[in-house]
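Structures given as structure tokens follow.
Presented sequentially are two complexes of chain A, the first with chain B as partner and the second with chain C.
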Partner chain A sequence: MTMFRTTVLTALLTSAALASPALAAGTLRIGTQQEPTVLDPTSDATASISGMLAHNVYEALTTVDESGAVQPNLAKSWTISDDGLTYTFSLVEGAQFHDGTGFDAEDVKFSFDRAMAEDSVNPTKKIFEPIESVTVIDPLTVEMKLKRKDAFFLFNIAQGAASIVAPESAADDVTHPVGTGPFAFAGWTRGDRLTLEKFAGYRDADSVSLDKVEFRFISDPAAATAALMAEELDAFPGFPAPELLEQFEMDPRFKVVVGSTEGEVILALNNGKPPFNDLNARRGVSYAIDRNEIIEGAMYGRAVPIGSFYPPHGPAYVDLTGMYPHDTAKAKELFTESGLEGGEVTLRVPPFPYATRSAEIVQAELARAGVTVKVENVEWGFWIDEVYKKQNYDMTIIAHTSPNDLSNFARGPKYFYGYQSDAFDNLWDEIKTEADPAKRHELEKQAQTYLAENAVHAFLFQLPKLGVYRDGVDGFWASSPVLFQPLAGVSIQ
Partner chain B sequence: MTTRAINLRIGAFLVIVLSAVALLSLVWTPYDHTMLSVTEKFRPTSAAHWLGTDQLGRDVLSLLMAASVNSLAVAFIAVGVGGAIGTALGLTASACGGWVETAIMRLADLGFAFPALLFAIMLAAAFGPSLSNAILAIAFINVPIFARVARGAANQIWTRDYVLAGRAAGASQFSLTVEHVLPNISAALIVQATIEFAVAILAEAALSYLGLGAQPPMPSWGRMLNEAQTLMYLAPQLAIYPGLCIIAAVLGFGLLGDGLRDVSDPRLARGRA
Partner chain C sequence: MQVFLLRRTLGFLATILAISVIVFLVMNVLPGDPSVTILGIDSTEDARAALRAQLGLDDPIWLRYLHWIWGAVRGDFGTSYFFRVPVSDLILERLPLTLSLAAFGTLATVTLGILLGVIAAANHGRAGDWLIMLVSQLGIAVPAFWLSMLLVLLFAVKLRWLPPGGFPGWDDPVAALRSLILPTTALALVQSAVLARVTRSSALEVMRLDFVRTARASGMTRGRILGRHILPNALVPIVTIVGMQVAGVVTGTIVIENVFYLPGLGRLVFQSIANRDLFTVQALVVLFAAIVVTTNFLVDIAYVLIDPRLKGRLS
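Up next is the complex of A and B:
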């Protein structure tokens, strides 16, 4: 918790410092691993689209700050009816799109209707599923009626998939994004870089320090290191290789910031078929693994262990890492009871360093408890098909990076967990309709405990956000509560 | 002693040492190479760990030794299987002649045109990556190579007087092939096999480096190289050791193969000397 407080404090201090007119301006070169597939977050789920464009080029009615709290954005304020079903948004004045067209309530209605339409290609339709209707009251007021209460509504509509687009330009957004944000799209050289430039017509342009932002696509950690060392990059906010951080920490030209993400890394067990439809077998796995060894070996100590499916920096977090202390003898006992002792299971691993590295350690740990693990390192496409879609696996290791994703366990036996529990489904129904945060957090705590008791998966660690920044670069979030990273508050000297 | 003779000896020495280490590792390695000890990671060379420990605290020497078995076994099986099929096809082509020969050799051309790496990736996509798929891919590239070598050498033997005499005595094509042709081309095949061993070891390392070969916890030089890639600043020795092993193995089999070819074909040696 101390670390969390420090990061919040840092964020507050930085934003206070930036409130004064920025002295330095310039070009910021950001390294990133994943190139976007298209440039429209309302049509494709690829994380890097939102990562680069949401709340930089595009904006949404609300936004989320570094602590994960909802803040006003294109909607400067809102009221919620007593029954929790009618939201009335007051929109900001003076916002305009990069192509010069003005922003008003019609754009909001257009964007939501487009996302909710039958033939919509929006990648996160569940955001819009509770919405009954969107009505324009006047050019600066929009009313939304919901079919049911949704505790996450204001948070959800801050995401890239709910970006506000203009009817004039929406069709071309996939290659030429047009939004109302502080930066306008300037160019995309496939395989190399994506360039944004400060939008002079932004309603709060004085507060934006950077003139130009370049995202450079560098997937290989060794190449990323070389580019940083050669000072060809100013920032790498999602640095992929924890083992390389030490050299940046020792180098006075750089600073290293370790924060948290929403990514719970789990050793997912296929609850839908033997051997892991048996509680004893699952609990055996939880006892067999040693989280500290995995974090030390796979993440070079740069991660926080988790005992259930909820980020340790979140408001409803309850520490359940002690429920199954590392105990090989106990694991062996449970494996014997479940008949898994001496057996073999397959661990299909997607091509992410945190996963492949953890897999080898998990394999050794389960071997000590008498279970042979056959590790298969597979391509991402194969993983999506075989593991995610066809549930053809025993175990896998994956990070779930979406916020509020306890809902995964209520997705029924068709979801790749192969898990279904009426008790949990009811719990989730209560959570998603509970408007009072205190009560909701209480329910979320129950949900975490329930999942840990049932050892649905073995919960490993929270995926860290490893940032490497050149000295003089300020304003990046240490932690990532959402996929996007607003750059309006970033400065470089 | 000529340079060629020295090369042959160096090659033979490297191969013998490598084979001895591989055999030894079957019964003894300093440590269990699967034994992780995260607190012991990145230890430098010491009396306890002659080549230090890797990023998971495993003994590097034990890993290299165990990986040598993997390398040699893959090379042996892949070249053996590919060589056997290729030789059989080459001999059949040579013995039958006519359209059979044309068909087999055109198929071999097709095989040549197919990159081994692409084949390995296809196999991995269809059946998941595994060592046996890597072996299959390497064996596949060996088939056309051996088919060509066997056919070329066999065609010469078929014109020899003793083969013609055998044929006059009523021996079948099959028995002539087995009794006279095969023994007389075996030297060429052995030389080719030794050279292909070097290629196979390199191919296995490349496939494992890409994650298409040996899967953990089975150690492999190629995978060790891959894992050491981002550790170059931290622990460069983890990349250097398996790299040296690959060089030694490829050089050893390469020199041995070249040397054997010169010995088995004195005309070539004299011509080039």
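Up next is the complex of A and C:
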């Protein structure tokens, strides 16, 4: 009987293995947690739109490499005038859109004018805010005049929101994206998958190794794990659950890559009203928290602590995690001084696992320092309304995922931080207009120190990028300095 | 009969109208702003204002409702804020999957539930009865998403017989059916547990009646008594429960589609509510309500077919 059962099982297993579709050569199946709402990064900020399409389907004048450095893309080179206000871009020859129309300077002007227009719904309009005018010199040369110097200009115009689109196809990009990139749009089933195919007319088609890319939308971490384990996926570059990584590390079929993102996770304090308009109360929070305990508990040890608002992999990073060592007694003292000792504050937590898990630990740590924290887990819509728009909160936990976002602290008292400092505003003005990288990094270091000294928020950790890949998949970035991930350099065996 | 139909239709329309007003009000009371959700927290205020104007979010609520209802009467259910396509397209592309899942789920629930219930009743007080009642008790207690995860672990990850989720589309019917086996099982196992218990107790009640004893005395076989006399007379409570379970299966797809990442309506409901996608939520709630109301109607018809004494109910 047992023999018979085993035979039947083996037979079934073999036939099942034979029945499962064989892997087409050069097809990469990527799992992603967030699904796109539309397919146009110039009209929607949903991170997965840029994540899938920017620099794969769409291209921009410049691009950014894994280290965060600006590289040429549709602009093969550029010159900047001495006053830093005029940029002249020379465009590549032979680029064409996926619908067969050619690419030239008119497309660049069209894309920028569209994003800068009064009724533009571009999600990152501040990229275009410094631009005075865009002029076509000849089909392969574009000149841009700026109103003021902008140190981040070349970096910013590499982003998905500054993608170059064509006047012939731009209106349909929301459902049928057309760009100049190495992959052309091939199909989209909402809620299920998005398919790209290698674009044969790409100007550097030989360097592209994949024939087909399939993004599968799987939001549930347990389902994502099952899909990887069942070999239905080849890669999950933004794996959502640090607690589930170990089983992949122990399985020789997979490799796990832990990198960094641009996302600083902060315990944001409302500087605009009591109790956290008081420096002592804010410093008390910084002393009360234990970053290692939070990272251990909330991220299973897979994150790097931060002491200010700048990613540890950035060129201007300065380690300030030692400024407020974990010291409950000192925290208590500062809370007593500020009158917060024995008081109660509200921590409104958005529905992201990193936030909800960190919140419980923060609550326990502040309780030890004599402050009761009322944790309210709120829905994203509620968070946007109450915390972000109405500044109706004491504390919250949130990741800021944009690059170069020190600027947040110069957004004035109406931004949800409720923070305003003339000294910092001046510092940021200097940073954003300083063309010399070395000098700018020096200023950025000063800014980080300034924010830490003033304990504007309690800075927790850098959001990690957790990648799970099948053995044989190569070329994915370990860290993400930007939202996009170019797939031209990715290969599968 | 005509009076009955007319009354039912009017009741249906009134229900749908009331539901649409409630959904509109609730979605407006809920905090949130689609323009921030779409453009992100780092967007500028003037871009958000431009988008709000484009989406018509600045109009007063009553005006937006009138716009919507006027469109709906003419078959236009509005445009989704998030996907920026007509809501009807969004629903039509997902409806076949959810309907198939619900149909398979109901079919499997009814078959399995009635079969187990009858077996349990026929073996009343013996081991088979105990076993079925124990398992069905477990089935009622187990949450569908947990059961789904166990099924995936066993049949997709360990044994590799079936895909862990996803839907390849109906172009490949074999692959499509394969991908629906686990979700259907997860849906049906939980729901059929309830049905099995109801079938069993209903059948047991009928078994005690005089005509069953008479049938037995006349020498009929057990199977014939069960099939010809007991089951037809036990059907009314079973049909009532099946009617309620259709609603359970339809709403159950919300959880199941999320666990098996199937691109159906259940997942769309979930996303649209989180995103405050007003018109999509509105259309979906109305659609689900219509399914439930229609099912109730069919159940009423079924009562009369089963038990002609109930004909009075229809007039």
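Operating definition for what follows: the second predicted complex is superposed on the first by the 468 of 493 C-alpha atoms of A that agree within 3 Å, B and C clash if a C-alpha of one lies under 4 Å from a C-alpha of the other, contacts with A are read in each partner's own complex, and residues count from 1 in each chain.
Everything below uses one rule, namely that contacts are C-beta pairs under 8 Å (C-beta built on N, C-alpha and C of every residue); 3 or more make two chains touch, one makes a residue touch a chain.
Quick caveat, the model's predicted, so the values are computed rather than measured.
Peer 1: In the three-chain superposition, say which chain, chain B or chain C, touches more residues of chain A.
Peer 2: C
Peer 1: Determine, under the contact definition given at the top, whether A:A359 touches first (chain B), second (chain C), both, or neither.
Peer 2: Only chain B is touched by A:A359; chain C is not.
Peer 1: Regarding the shared-chain residue A:L140, is it in contact with chain B (first), chain C (second), both, or neither?
Peer 2: Neither partner.
Peer 1: Which of the two partners, first being chain B and second being chain C, lies in contact with A:M116: first, second, both, or neither?
Peer 2: Once the two structures are laid over each other on A, A:M116 reaches no partner at all.
Peer 1: If we overlay the two complexes on their shared chain A, which of chain B and chain C does A:F382 touch? Say first, second, both or neither.
Peer 2: After superposing on A, A:F382 lies in contact with both chain B and chain C.
Peer 1: Is A:D405 in contact with chain B, with chain C, with both, or with neither (first, second, both, neither)?
Peer 2: A:D405 contacts chain C only, not chain B.
Peer 1: Which partner chains sit in contact with A:A223 here, chain B, chain C, both or neither? Use first/second/both/neither.
Peer 2: second
Peer 1: Of the two partner chains, chain B (first) and chain C (second), which one does A:R190 touch, if any: first, second, both, or neither?
Peer 2: Touch status of A:R190: second partner only.
Peer 1: Have a look at where A:L244 lands relative to chain B and chain C in the superposition and call it first, second, both or neither.
Peer 2: In the superposed model, A:L244 contacts chain B only, not chain C.
Peer 1: Per the definitions at the top, what is the overlap between the chain A residues touching chain B and those touching chain C?
Peer 2: The answer is residues 222, 379, 382 of chain A.
Peer 1: In the complex formed with chain A, which residues of chain C make contact?
Peer 2: 30-33, 36-44, 46-47, 50-51, 53-54, 82-85, 90, 93-94, 149, 152-153, 156-157, 159-161, 163-167, 169, 175, 258-264, 267-268, 271, 274-276
Peer 1: So in the complex, the part of chain A that touches chain C is made up of which residues?
Peer 2: Checking each residue of chain A against chain C gives 12-13, 16-17, 20-21, 37-38, 44-46, 118-126, 129, 174-175, 189-193, 216-220, 222-223, 226-227, 229-230, 232, 379-382, 384-386, 388-389, 400, 402, 405.
Peer 1: If you look only at chain A, which of its residues touch chain B in the complex?
Peer 2: 221-222, 225, 241, 243-244, 246-247, 293, 296-297, 351, 359-361, 363-364, 367, 374-379, 382
Peer 1: Which bits of chain B are touching chain A when the two form their complex?
Peer 2: Those in contact with chain A are residues 34-36, 38-39, 41, 55-57, 124-125, 128-130, 211, 215-217, 229-234.
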